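Below are the structure tokens for one structure; questions will follow.
Chain naming follows the written order as A, B and C, and within any one chain the residues start at number 1.
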Amino acid sequence: MVVQERLEITAPGRGTVEITDQVQRIVTSSGIKTGLCHVFIHHTSASLMLCENADPAVRHDLETYLSRLVPDGDPLFTHRQEGADDMAAHVRTVLTHSELNLPVTDGRCALGTWQGVYVWEHRFSGQRRRVTVTVYGEQA
Amino acid sequence: MVVQERLEITAPGRGTVEITDQVQRIVTSSGIKTGLCHVFIHHTSASLMLCENADPAVRHDLETYLSRLVPDGDPLFTHRQEGADDMAAHVRTVLTHSELNLPVTDGRCALGTWQGVYVWEHRFSGQRRRVTVTVYGEQA
Amino acid sequence: MVVQERLEITAPGRGTVEITDQVQRIVTSSGIKTGLCHVFIHHTSASLMLCENADPAVRHDLETYLSRLVPDGDPLFTHRQEGADDMAAHVRTVLTHSELNLPVTDGRCALGTWQGVYVWEHRFSGQRRRVTVTVYGEQA
């Protein structure tokens, strides 16, 4: 059995937006008890992240770390039509994840105690991002 | 329903080879309308990438960025039997992706407007690379 | 058809633990012949890796490379309650992989000749890590 739903996520600018609850709701309403839940983001300047969801300092530090690793406006970059964050956003996306597959157990995404699902916006400006969630498995 | 096919990709050397059309053809011929399409590369010196497919400068910049991040012949590396690109290729593979899962909607991989699927060869010399595509879901 | 099993992996400290055989045993006992095998780690300080499994120098070099890329105790990090490896472990996890999907062909994970599946512990101290393996596909 396969259930597929689309989410529209509003990201106010660079940073993370938690979508764990929205994903869990889709799993619950699918009625699937054992299987997998796949989350996919249809963009090349934003990614998905499984991350510690207790201390917000973890996401803050990931952001500053990634900004140092992939400098905005790096003179190396030739693709820079849309500004200093344009090519940096593509690199950040490739170094992180465009899709996540999560086990479904007893009708829920079986995340670890500290795992949350996040959209990670890499552009400076606010964006609307399209995410597709596909739940598949068995209802019994 | 599950359909599995094998692709043989010829990479002329370090760089990207687009395989979006080949993957879409397998999805179409599978007859699966809703589900997922999994792409897997059976190697540890080449990877897969979902990337902006409009401006080739994006892939050029990703290549120069990764070459700076993972220097060929880095004195840190002890595994160097096959040359300066040997260990660098393994690191590049681990920092990127060996497999991608793409949503199938209305009988097609539902990629974003700018998303293409690429094999990313990390060795300097030409290689034949094995890729397995598995499409699964429902025909209805 | 879906079969799901849980593994408990003991990691003696930072470094890799191969789990290829344990994953293959679950695939074999599932009876599934064609499909996929999904491996998921329920933690944010340890990850999964598909890696060259012939020369141990490859994993050694990956470890020293990642230690240089993500310095323990980096002054950038504000989240440091559990020591110098705390935030570094979260960054290392996000830059690598929390889950892997492997094609199942003829009743086995169709890994490349040199591909092994590893848990990559990023904390200094020994840990017990929870991994869920989900095999899905067709028995025929």
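Rule of thumb we're sticking to: a residue touches a chain if its C-beta (ideal position, glycine included) is under 8 Å from a C-beta of that chain, and two chains touch if they have at least 3 such contacts.
Just so it is clear, the structure is predicted and the values come from calculations on it, not from any experiment.
Among the remaining chains, those touching chain A as well as chain C are B.
Interface residue usage between chain B and chain C, two copies of one sequence, is largely distinct: under half of the residue numbers at the contact are used by both copies.
The rotation relating chain A to chain B, fitted on Cα atoms, amounts to 120°, rounded to the nearest 5. Per-chain CA centroids place chain B at a distance of 20 Å from chain C. Each of residues 69, 95, 97, 101, 136 in chain B touches at least two other chains.
Listed in rising order, the residues of chain B touching chain C in the complex are 1-2, 4, 38, 40-44, 69-70, 74, 76-79, 81, 87, 90-91, 94-95, 97-99, 101, 130, 132, 134, 136. Listed in rising order, the residues of chain B touching chain A in the complex are 34-36, 49-52, 55, 57-58, 60-62, 64-65, 68-69, 95-97, 100-103, 105, 110-115, 136-138.
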